[in-house]
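One chain, subunit A, links the two complexes that follow: it is found with subunit B in the first and with subunit C in the second.
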Partner chain A sequence: MNRIAEISQAEKTIDDFHLGPINIEIKPGTITALVGNNGSGKSTLLKLLMNLAKPDKGNIRISEKLVFGPDESWKTQVSYQPQTVIGWNAFTGNTLKEFISPLYPDWDDSLFTKMAKLFDIPLNKRFGKLSQGVQQKLNLALTVPRNTPLVLLDEPTSFMDIPSKKHFIDLLADWMDDGNRAIVMTSHQSADIMKLADYLYVLQGGKMIGTYEKDELIGSYLQYWMKGEMPALPIPGELSREHQRLITCSPEAAEAFFQENDLTFTSAVPLDLEEIISLLLTERKER
Partner chain B sequence: MELPIKLSKESREPIYHQIENQLKALIAGGHLPADAPLPSIRVLSKDLETSVITIRRAYQNLEYQGFIRTSQGKGTFVAEIEESLKQEVKVSAVYQTIEHAVETAFSYDYTLEQIEEIFQEVLMEYKKKGE
Partner chain C sequence: MQEWKQAYSLAKLELKASVFGFLFAIIFMMIVILSIVTSLDSYLGNGYAGFDFFFILIFSIGAIWTKPKDFQIKKISGNLSASPLLVMQKQLPIKQEIIIKSRFIVHFFYSFPFQVLTLFAFYLYSPLQGILSISSFIAFSIMWLSFGIYAGYMFPTADAGDKGPFTETTAAVIFAFVLIIGIFFVFSFIHILFGNGIVYWSIILVQKWPILSTVVSILLAFAGFKHWQYYMGKRMNRFDYL
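This part shows the complex of A and B:
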């Protein structure tokens, strides 16, 4: 499979924050969620892809073109929704659309109209006069219809009401049906990640912890409620224990261990994604 | 279109296998007739909160076994399947359910004789209802 974007060995220092080395490959048909604490470098990573921040080291390619090279044709291959936009306040939705749509050869005007209707966006009102939630919706309605192979979304649903979130997730899933597109998004909403993401790219304090396929990640953690005595020694992959509950990140080895040591459990239940992400991010801190 | 698929997180059965089996049951039971369109891989992954990788695996297995067919650019559809295959799915679903019930009883330390008694009682209840 060919790739839409690639970051290899990229590093960037901003004041006392160091990001990288970052390695990531984005393939068509996939949705990747960037996950990490505040200040872990998620937004900076998106800016590197957009050439809005220059890496100190490493290469960044979109559609096989280096983003800091002289050939800027990659710019029509990617659309970016930042958390905050600058310079839009004085313009209405309609005017902004007139600015943006000619820049993208595959602009889908009917999708724009559909999103404006779906989100109830007043297109004649100045951007600056809209509420945070409506600004976010308009921003997205001006991003997704660009129909670029790669879409970068920075916290797309953070200010949205519950029904709009659902509509937006449904819309993105339909939009992805094409199969040749990819989305990279940051989100602190685990519902967004559960419904949309195929891969999780986990960052902590600027360091890449890893890329995980969502279902594989969820399947690799298990919590057990033990019957009777708790094992004296740590079990394989043990991450935490309290009362009768044990959490492991290697269930198979743990169960083999239980059998060898005549230990029994009353139930084994997977963790939800929020717990797994918390464990991934705290587990590392302690090391 | 939302499918009546319910995944069990507690089950030891892998997620792709649960999806595969439930789709087979819907097809064999006639809930999804031949040529009925199925949701796209992306839409089903959203509805079931899995990754597309998992759904693709389930769809590929179902296609390989002849339950569904994919036509390029049009989508995925329920295939025309033979009556014998339908029967096979039904029989194995009933077997599995009964096996599961027996396993549950074993986990509560019931003996085979006790399980048989309960089973007879349940059957009697149904016979009464039927008359």
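This part shows the complex of A and C:
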């Protein structure tokens, strides 16, 4: 499978914050969620991909072209929805559409109209006069229809109401049916990640913790409610124990250990993605 | 040429949305132009630094500061201030060269019409007609319009961004105030040292060496125009728009 984007050994220092080294490959047909605490460098990573900031070290390529090179043709291959929109305040949705749509050869006007209707966006009102939620909806309605192979979304649903969020997730899932597109998104909304993401790229304090296949990650964390007293010995993959509840990231090894030590459990339940992410981040912090 | 056409269509986005800003600019600039045209006589007789200041203001920044708030340079992140429209366009598939040219076109619309208007007003309604022949007046016009290019086009380069202690509004106002005092001081110093001001000496220059001053001005304008585009590109490559 060809890659749409690649970041290799990228590093960036901004004041006392250091991001990297970052390595990531984005392949068509995948949705990658950048996950991490506030200030972990998720938005900065998207900005590095858009060449809005230059890495101090390493390479960033989109469609095999270096984003900081003289050839700027890669820009037609990527759409970027920033968390904070700059420079749109003076224009109406209609003006912005007239300006943005000709820049993208595969612009889908019917999708734009559909999104504007679905989200009830007043296209004749100036962007600066819209509420934060409507601004975000308009921003997305002007991003997704660009139909570029790569879409970068920075907190796309943070200000959205619950029904709109659901509509958007469904719409994005349909949009991905093409199979040749990829999305990289940052989100603090675990529901978005749960429904959309294939891969999780976890960052903490600018450091890359790892890339995880979502379903694999969910399958690898299990919580057990144990019967009787738990042994003092550490259980394989043990992450926490509280009363009768035990969490492990190596369920197979843990169950083998239970058998060997005549331990029984009443139930075994997978963990929520949100809990897994918190565990990943705290586990790393404690190390 | 194709690039300039693309840049113009880019600049139109801002220009179309700035109609009210232009109306304000026209009203204000008419007052400034009228006041300096009517004071040329006394300037040539007695000389005062204020005249030079306003004349140079018209032929450098023009009416760029009357831009609507949404298009004025603002804080983007950290200590970086830049044109919000430039940041917006940088996120779109638009060549950097074209973004730069579009910023220059916007500056042209905010400066050139007022500069031409000033020159016409000077020739028609001030004693300048009696001092300069038509050919010398043309040389005078070329000299100052060229100045508007090699000095004036430095200002749109600030759209690419500026980092430093003057990005906060209060600090910027203090800086501007100190700068204006400084400029007045320099102009006054020139008056004291040479007996007359910059505009006066430019009149003398075109009277004595009209061809030479025209050629030098055009060369400077050409070099300045190229240089500021290159300089702006360099700044855009240097800054992080985080």
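Just so it is clear, the second predicted complex is superposed on the first by the 287 of 287 C-alpha atoms of A that agree within 3 Å, B and C clash if a C-alpha of one lies under 4 Å from a C-alpha of the other, contacts with A are read in each partner's own complex, and residues count from 1 in each chain.
Definition applied: contacts are C-beta pairs under 8 Å (C-beta built on N, C-alpha and C of every residue); 3 or more make two chains touch, one makes a residue touch a chain.
Predicted model only: the values in this text are computed from it and were never measured.
Chemist: Is A:279 contacted by the first partner subunit B, the second partner subunit C, both or neither?
Modeler: A:279 sits against neither subunit B nor subunit C.
Chemist: Quick one: is A:111 in contact with subunit B, with subunit C, with both, or with neither? Answer first, second, both or neither.
Modeler: A:111 sits against neither subunit B nor subunit C.
Chemist: Which partner chains sit in contact with A:29 here, subunit B, subunit C, both or neither? Use first/second/both/neither.
Modeler: A:29 sits against subunit B, while subunit C stays out of touch.
Chemist: Should A:100 be classified as contacting the first partner (subunit B), the second (subunit C), both, or neither?
Modeler: So A:100 only meets subunit C here.
Chemist: Quick check on the superposed pair: does A:123 touch subunit B, subunit C, both, or neither? Answer first, second, both or neither.
Modeler: neither
Chemist: Provide the residue numbers of subunit B that touch subunit A in the complex, in ascending order.
Modeler: 9-10, 14-15, 40, 42-43, 45-46, 49-54
Chemist: Which residues of subunit C touch subunit A in the complex?
Modeler: Touch list, subunit C to subunit A: 13, 17, 68, 70-71, 76, 78, 83-96, 237, 240-242.
Chemist: Per the contact definition, I'd like the list of subunit A residues that touch subunit C in the complex.
Modeler: 14-15, 44, 47, 50, 52-54, 68, 72, 75-76, 80, 82, 85-91, 95, 99-100, 103-104, 128
Chemist: So in the complex, which bits of subunit A are touching subunit B?
Modeler: So the residues of subunit A touching subunit B come out as 29-31, 169-170, 173-174, 176-177, 194-199, 213-215, 219, 267-270.
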